[in-house]
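Below, subunit A partners subunit B and then partners subunit C, in two separate complexes.
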Partner chain A sequence: MATHEEITESLRVFTEKYNKNERLKIMNRDWNRVVVVQATDVDSQHTLTLVDGVVSLKEGKASNPDLTVISDSETLADIFYGDITPTGPYNNGTLRIIGSEDDIIRLDFISLMIWGE
Partner chain B sequence: MRTVVATSAGLTLASSSFVAAVSVANFVLGDTAWIAILVGGLLCTLAAFCFSELNGLLPSAAGIRLYFNRAFNDRVSLTVSILYMLVVIVGVVGAESYVLSTLLSDVIPAVPPYVWIVLMLLLVTGMNIRGIKIAGIFQDIITYGLMFSMLAMGLIALFKVDFQLNAPLSPGGATGIISAVAVGVFLFVGFEWVTPLAEEVTQIRQISRGMMAALGILSVIYAIFTTAMTATVPKEVLASFAAPHLVFARAVLGGAGVTWMTAVSLAATLTTFNAGLLSVSRFMYATAREHALPQIFSKISMRYFTPWVSILTLFLIGLVVSGVILLTHRYLVLVHLAAAMESIVYVMAGLAVISLRRRMPEQERPYRIPFGNLVPVLTILVFAVLALTVLVTSPWVLVNLAVALLLCLVYVNTAVPYLKKKHQARRPATRRRPQRRPEGAGGN
Partner chain C sequence: MKRVVSVSLGSARRDHKVQVELLGESFEIARRGTDGDFEKAVELLKELDGKVDAIGLGGIDVFLWVRQKRFAIQDGLKLMEAVKITPVVDGSGLKNTLEREVVRILARETNLIKKGTKVLMVSSVDRFGMAEAMSELGCDVTFGDLIFAAGIPYPIKTVEELEELANKLLPEITKMPFHMIYPTGKKQESQDEAKVQKFAGYYQDAEVIAGDFHLIRRFMPSGLKGQTILTNTTTPDDVAFLKEKGVGTLVTTTPVYEGRSFGTNVMEAALVAILGKPWAEITPEEYLGLLEKLNFRPQILNLQ
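Let's turn to the complex of A and B:
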C-alpha cells in the first residue's frame, strides 16, 4: 500500500513533467478540466486542474470534477510515476475513471506523451 | 434517459436490419414474422438484464473486456473481445456497405456500387479521424427520426392494403420458428453497446432502463414494419433484393417513398458505420496500449486526439471486406455470422453474471437481477440454442466463425505473449517510483 505522501509525490512528478512539455501544453490549451484523483485504500484525494494548457496540483477534492480517477494507492502511484500504463488496470477493473470517454482517452494520451509506451 | 434510449436503439438500426427482417419473415409461414420478432426482442431482454447487472457492478467503457476478465480470465476475455470486434467490423461494414450501395445504385444507376462504398467509408473515416461524433442531440434526432419513419411507413402500408392478420398464430414448424428467432436477434444487435456510457451518466440504473425501453420500442417498430413489408410485397420478391426496404417503399409511396427510404437507409448506415468504427478503433487503441496489439495501433493524431492508425487500418479492412462481399454477394452470411456471435456473447454474459456473483459476492450492485440465477441460466440456455441453430443451418457461418476463433486463439496464445515480452525488454531497468525505505530504517 502506498502512502498519501507517495501519491502526492507521484502527482507532483507528473505535473512537473507535463508542464515542462511545451507540445502538450499547446495541444491541451483548449482542454480546461478538473480531475480528481482518489485512493480507495488510504485517505488520499488530490485535484489536478488544467487551465489554458497548464496543470496545477492541489491536495483535497474539488466539488464538481470533470473526471474522477479512482484506484488503490499502489496503482495510482505507479500510474502517475509512469511505471505502468493506465490501460492494464483500467481493463481489469482496478482503475475506474468517471467522465466522458473522450476525456478518458485524452488523459491516457497525456500519460503516453509524458512517459512513453 | 432520452439519449440513452437513442444511443441503444441507434446502434441497432441499420440498413442490413431490413434484410434480416425479410430473412425472419421467410423462416415462418404467412404474416407471422411479428411473432418471431417480438420473441427475439423479449429474449434480448434476458440478455439486457445480465448486462444491466454487469454494468452496475463494473461500470466501465471497457465493457465485455472487463466483465469477462473478472468473470473468467484475461485470455478468455481478450480472445472473445478480439473475435467480437472482428465479427462486428466485418459484419457491419460488409453487410451494411453491400445493402446501402445496392440501394444507391438502384436510385442513381450511373454510379457503380463500389464507388458508393469508397465514398461512405471515406466520409466515416474522415469523421472519425477528425473526432466528429454523432452524439447527444444529433444522435437523438437521427434515431427518433428513423423510428418514426419506419413506424409511419409501416402504418401507411398496412392502411393502404387494408391489412388483416390471416393466420396470426400459425408460424409453422419448430425449426423455422427457432431459425427466425435466431436471425431476429440480429435486429437488436448492438443494443448493449450503450454500456460504455456508464461512466458518463449520473445514475447507472438509467442505462438498464434505457436498454429495456429501446428493446421494447424496437420490437414493436420492427414487428409493424416487417408485417407491412410482407403484406405489401410478396416475401419471395423481397428476399431476392439486397435492399428490400426500397422495393417496399416504392410499392407504398412510389418516388416519394424511394426518396424517403433512401434518406432513412443513409442515416441508419452512417450512424452504424460511425459507431462501429469508433468503438472498434478505440478497442484497438486500448489493446495496443496494454501491449496485446502492435504498438503502432496506439498512435494518436496530435491534432485531433484520435487513434488514426487504427482508424485507417479499419478503413482498409472495410475496403477489402466490401469488395469481397460485392463480388461474392454473400452478405447474408455476415448477417447470420453477427447473429451467431452476438448470441455467443450473450451466453457468456449470462455465465459472467453467475461467475461474478461467486467471485465478488460483497461488491455493491446498483442493479441485481431478481429470482437468483434463473434469468442468467435462461439467457445461457436460450442463446446457446439460438447460436447452435444458426451455426447448424448455415455451414458457411460455422466455418467462418471456427476459422476466426482459431486465429484469435493462436494470436492470443503466441503473438500477445511475444508483444508483452518485447515491451518488458524495452522498459527501463529500474522503476521511476523511488523505493520506500523499510520501517525503522532511519538514516544516521
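Let's turn to the complex of A and C:
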C-alpha cells in the first residue's frame, strides 16, 4: 500500500515529466480537462488540470471532473511513477477510469508518450 | 474449387460471396461479418477451421510492421489462435508488399501521385509499406495516426517520427481492446460527427487521402474538391458515399469483383491457397511474383 504522500510525489513526477515534454504540450493545446485521481484504499485525492497544453497538480478533488482515475494506492503510485503502464491494470479492472471513451484513450496515449518504450 | 473465407469483425451488411478464376483455378471467396462481436468471430473461425482452404481475418489487424519490427495486436492474436488447421492470415504480409508496389505503379503510370503531392494517411502503422513508399517518392505526407486514433491534433510529418512514436506506443496500444482504437461493427456504418468537423481541414488540405477505408469514411467531411482516395474494401454504396462527399478519384489496391474491392486479408488468403505452403514460409518476393502472374493492378475509378 502506498501513502497519500507517495501518490502526491508520483503525480508531481508525472506533472514535471509532462511539462518538460514540449511535444506533448503542443499535442494537448486543444484539450482542457480536469482529471481527478482517487485512491480506493487510502484517503487520497488529487486533481490534475490541463489548460492550453500545460498540466498543474493540486491536492483534493475538483467538483466536476472530466475524467476520474480510480485504483488502489499502490497501482496509482506505480502508474504515475512510470513503473507500470496503465494498460494492464485497466484491462484487468484494477484501474477504473470514468469519462468519455475518447478522453480515456487520450489519457492513455499521454501516459505512454511520457513513459513509453 | 478452392474456398477462401474472410471472417470480419465488421458489419454483416457488407457480406458477399463471389466466384473467380485465379491462374486457371476456381475460387469461391466469401466475406462474413460478425458486427463487432468478438465471441461470434471466434465461434465462426472454429466452425470453418479445417473445412476451407484459407481464412482471412478482416476488420482487425493481427500484425503491424514498422520497418523490421512486428507488433502483435492481442485481440487479433486471440482470433488467429482459434484456428488450428486451416492457414489463417490478416493481410499484413501482402499489404506490406502490394501497397508499396501500388504507390510505385501510380507514380510511374499516372498523374495522381508525384513528388510534392499532399497526402493524408489516416492511419499508417497498419500500412507502413505504403507510408514509406509515399515518403520515398517525396510526397508531402501527413501521417494522421494520432489524430484519428487518439483525437490528438498532431500531424506526424516524417517516417522517422512515425517510427519513433510507433515504437513508444504500439507495445502497449496493441494490448488495448481493439474496439477502443478502431471502429468495429455498427461504428463502421456511422461517422464521428465531432471529429468530422474538428479534423475536416486535414482532408480538405490533402490531394490524396490514403489508408484504411473505415477510418477514411468515419471522419470524411462534405465538400471535398475532387481529392483522390487510395484504399480498398469498398462497396458500390461506399462509392456513392465518396461521390456525394466530392471525391474525384477512387483507387483501390486490390482487384474489384462484382463491384467490391476485397480486403488484403482475403487476397492474401487466396494467394496462400494458391501457393499451398505454410504462411510463415512465404516471402515478399513470392507474393510479388504471384501478383505479377495474376496481373493484379490498382483499380482507378473516376467519380466526377
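Heads up, the rule we're going with is that the second predicted complex is superposed on the first by the 116 of 117 C-alpha atoms of A that agree within 3 Å, B and C clash if a C-alpha of one lies under 4 Å from a C-alpha of the other, contacts with A are read in each partner's own complex, and residues count from 1 in each chain.
By our rule, contacts are C-beta pairs under 8 Å (C-beta built on N, C-alpha and C of every residue); 3 or more make two chains touch, one makes a residue touch a chain.
No experiment lies behind these values; they were computed from the predicted model shown.
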- prompt: Which term applies to subunit B and subunit C once both are placed on subunit A by superposition, clash or fit?
  reply: clash
Message: Once chain A of both complexes is superposed, is A:101 in touch with subunit B (first), subunit C (second), both, or neither?
response: both
Query: Taking the superposition as given, does A:77 touch the first partner, subunit B, the second, subunit C, both, or neither?
result: first
Field: Touching partner for A:6 - first (subunit B), second (subunit C), both, neither
entry: first
- request: Identify the partner contact of A:88: answer first if only subunit B is touched, second if only subunit C is, both if each is, neither if none is.
  value: both
Field: First (subunit B), second (subunit C), both or neither touched by A:40
entry: neither
Query: So, A:109: does it touch subunit B (first), subunit C (second), both, or neither?
result: both
Statement: The answer to whether subunit B or subunit C touches more of subunit A is B
Message: One more residue to check, A:30. First (subunit B), second (subunit C), both or neither?
response: second
Task: Could you name the one stretch of subunit C listed in 109-117, 253-261 or 271-279 that collides with subunit B in the superposition?
output: 253-261
Statement: subunit A residues contacting subunit B in one complex and subunit C in the other 23, 27, 85, 87-88, 90-91, 101-102, 104-106, 108-109, 112, 117
- prompt: Where on subunit B does subunit A make contact in their complex?
  reply: 58-62, 65-66, 69-70, 74, 131, 133, 196, 199-200, 282, 285-286, 289-291, 295, 298, 300, 302, 305, 423, 426, 431-434, 436
Query: What part of subunit A is in contact with subunit C in the complex they form?
result: 23, 26-28, 30-31, 85, 87-88, 90-91, 101-102, 104-106, 108-109, 112-113, 116-117
Field: Residues of subunit A that touch subunit B when the two form their complex
entry: 3, 6, 9-10, 13, 23, 27, 77-78, 81-83, 85, 87-88, 90-93, 96-102, 104-106, 108-109, 112, 117
Query: Which positions of subunit C touch subunit A when the two form their complex?
result: 146, 149-154, 165, 167-169, 171-173, 175-177, 180-181
